[in-house]
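Before any comments, here is the structure.
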């Protein structure tokens, strides 16, 4: 490594650079804008207040689940059980509200989040202390939680008329209305959740440590970070958020069967990955997750209105979106990684020319917790 | 014998569990030990265990394929919609279905083996995307009325009381067993699973092995999809949905490490038999299907957790070699 | 210095791994404000010693005293609380976090909230003190190794460590970067920190250290001030023998030129490398770690192909784009990294030996001919005196020396024309080392052209017919056997005086 190489590679104060996360977020904003523009050309009367209201209300559940998934993915884990937790929380909260008509919205939300947290802690114990890879644990609990719900429900559904009236009206409560654009309460709650989480990830010591753990577990251990405890609480947090999403699900649908929320786990992963959260851990933001969820929801709700496209394209497109998200993340990683490995390349460490980091992560990034 | 048991600890444990399951089942139901029930036990899950055989290779190789169930649905949908189109002979539709599976595997394998994307995400996208593709093809229709010979092959015994699917499965298992444990390809699969770098530094074509494994996985899923269509007599877009859980569980329960590089076909075969016996036993005892799924989920977690806990007790502080 | 209280005292520490006594009754004392170098060959016990200090291993016996108090840290976090921190050849960096966060991530005393402005300011201050021109806000992913190490030193300063262990910190640095690192280390010392410095480069040790401890085969040999030792006396104590002691060179018949390399270049890695090797010849590759020797080996083996230049095998130009190409042409490369790149540890001795030659044992339907495999593996195991309970034993259960021989057997089984051996005796015991040396000699006599890349200078000088010296990616000299003295080779490798 000659000195000239060194000066090229070493970023000096004057050099301009942008955080990878910002790049991803801006790209997403660009893609969302572009797709809205395209749809407005394809669909008559597309840019209306009603459509804005529909998207903002319907994005809420997926967005909150994307936030939950983001927390977990940052630590280089994955939570495939969120869909089942949504079902459990929605059902049990509905059950609770049916039996306790006195309970208000706040209590209902707390109950739902508590239920989610309890189930999340089960995942957390197994991943953090049992040292079982997250993908195995949550693939297992995806089935297990659903089974428990099914046993509990015994074929009975929660029906809308068993619920207090305010539950079903919740979805239509508008806080402010500007022009034709309503800002619904549920949407503002979701935004609040994102603001709090974004703040926690950026400003709390523990929040930064989640990134550290996902970024380099070995170094995190060396630095003495309480890895197990943090991973445990991440799963509890993910569960609690899934519980909140469960309550919103209840409020939106009203009728809850034992299969409620099935498949949402995949949408949550999709939203997070599309939102630039790395499946390799260590990077991703709440803003990105929200944008990812928004993009997916916009596409889903818009496509059905394009006359030439059948509604059945939804999942196929989702798959393609995820792939595109991963490819973008991978290319970014590789470009940054190449700078690093070009500099770090040494004939002592026996580093082969491929980026070892990327190779090691290439297998099952999120399963080697 | 003791030596064998020491080297194959997990297989021995599994054998014990299986024996216990069989004894319990046999006491619970007089029908369990009948030959007919055994045929049935395999037949009812034949599509899953065909894919399990391929998945064993995938996971030993250090990868994962979450898309198999969706590829099953996709292949069956391709076959059904080609048939519904009406212009081509049904045999060609079957071939198209199988090709669709192989192509799905090839596309994902390319992204994983050549581009270098992590299989977890690629096949997660595949899980969603190929299910979506199946829905695009069939929308909410159910395509049936296949030629009579096709339904008969799927629904009636072929030789004696043994149906075609079982013959296919057992020959597949035998061939895969030999390839994995006696073949050059199998040796490469293990070595790559242990360390792709060591394999590459020894002149082993790592990406071509990976690619072939994903094509095989897609093809197996395609075959399973077609057979499932024959057994059901009709195809919907949701065919095979959520099968991936059972499939991956059986492989991991068989002692294959999620990190790759270790496991045996014997273990996986024992695990298949165990899971099917448990499901069959629960079924005979009139336990609901969803509960069976929960039991399988528990087994999946337990199959990794229990060895972890045992290891933790054995050595609180693992002494690494110098 | 003796009236000062020691910061850290290791007394009569022993540690055994299986059959290997890694440390045997070793004592070491560190005083505040000293730079203490620990030198020794690979396998001398240096890394085991520092791993005990940092709590990664527990000692079997002996004690560790930090400022008068007996301690036994159970992990590196506990060691850090005691004021002991270590930095390694490859810095442990959080790529996705900012430079400032990397510095302060382990701190318990900065509150639950991250005060970004304060953190950036503090980080900037420390970085400035270290004369590092890095923006504390930028993500660590783009840092050079030198700057990553700067960040690690900044971390140590911010933690106010009392003992900083540096394990081969200069391995991947350029001369200019090494200078700056040394300035940083000296300023740490002057502020009262005790630095434990581990390096293979004796010139650096002499430049930097106040005291030097020599370890050999897990035992403490000597601790002296730098004024009391000379390079020769150190080498003698480290090796425990003269170069000529362990291998007696005798003339070998040399044949035609087998491999001719002309201006081989891989941009930013090595440049304009030319040489040739003949049948029966051993060409030594000397130079410091990081000089580009391994990279030339990897280019010839097709792992990371060169950008330009030509390679001729037996007079015919060849393309080397993958290890498979290289193996088909008869070029084999024994990796320096046995565990990561050389052996499939859970696999048996047999399947490791046949791994590079699988097509030979494959029948037309793709099945392996196990008896033939066992036969070849068996005869190679016998020839190389590989000691193993059986051929079916996983190589992970073998000693380092026998693992090394197994790896060598794998490449011999390919019947190579050219054999590139990268650090062929790294981390193996003396007996196995002698075996390997004799084996290499025998192979050369059988007509194989051999390249030996080794950081063990006496070894290179003893084995080679000619010695090629690399520095900073370029060939800086080729010496015939009788011209190749330690001084000349060292001078060419270091590049000073």
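Letters A, B and C mark the chains as written, and numbering starts fresh at 1 in each.
We adopt the following convention: a contact is a pair of C-beta atoms (placed from the backbone, for glycine too) under 8 Å apart; a residue touches a chain by one contact, two chains touch by 3 or more.
Given the structure is predicted, the values throughout are model-derived calculations rather than measurements.
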* To do: Would you kindly count the fewest steps from chain A to chain B, each step being a jump to a chain that touches the current one?
  => 1
* If you tally contacting C-beta pairs, which comes out ahead, A-C or B-C? Let me know. => A-C
* So how far apart, in whole Å, are chain A and chain B when each is placed at the average of its C-alpha atoms? -> 29
* Asked: Approximately how many whole Å separate the CA-defined centres of chain A and chain C?
  -> 43
* Which parts of chain A, given as residue numbers and ranges, touch two or more other chains? -> 352
* Give the residues of chain B that touch two or more other chains, as numbers and ranges in rising order. => 197, 200-201
* Multi-chain contact sites of chain C, meaning residues that touch two or more partners -> 303, 335, 340-341
* For chain B, which residues are in contact with chain C within the complex? -> 178-179, 182-185, 187-188, 190-191, 194-195, 197-205, 261-262, 317, 319-322
* Asked: Tell me, which parts of chain B touch chain A in their complex?
  -> 62-64, 111, 115-122, 124-133, 135-136, 139-140, 196-197, 200-201, 237, 245, 248-249, 252, 258-260, 288, 290-291, 293-298, 300-301, 304-305, 308-309, 312
* **chain A residues touching chain C - in the complex, by the definition given at the top** => 1-3, 5-6, 9-13, 15, 17, 19-20, 202-209, 211-212, 214-216, 218-225, 282-283, 336-337, 339-340, 342-350, 352-353, 357
* Structure fact -> So, in the complex, the side of chain A touching chain B is made of residues 78, 126, 130-133, 135-137, 139-144, 146-148, 150-151, 258, 266, 269-270, 273, 279-280, 310, 312-320, 322-323, 326-327, 330, 352, 356, 358-359, 361-368
* Please name which positions on chain C make contact with chain A in the complex. => 75-78, 80-81, 89-90, 92-97, 101, 105-106, 110-114, 116, 133-135, 138-139, 141-148, 168, 171-174, 176-177, 268-269, 289-295, 298, 303-304, 335-337, 340-341, 472-473
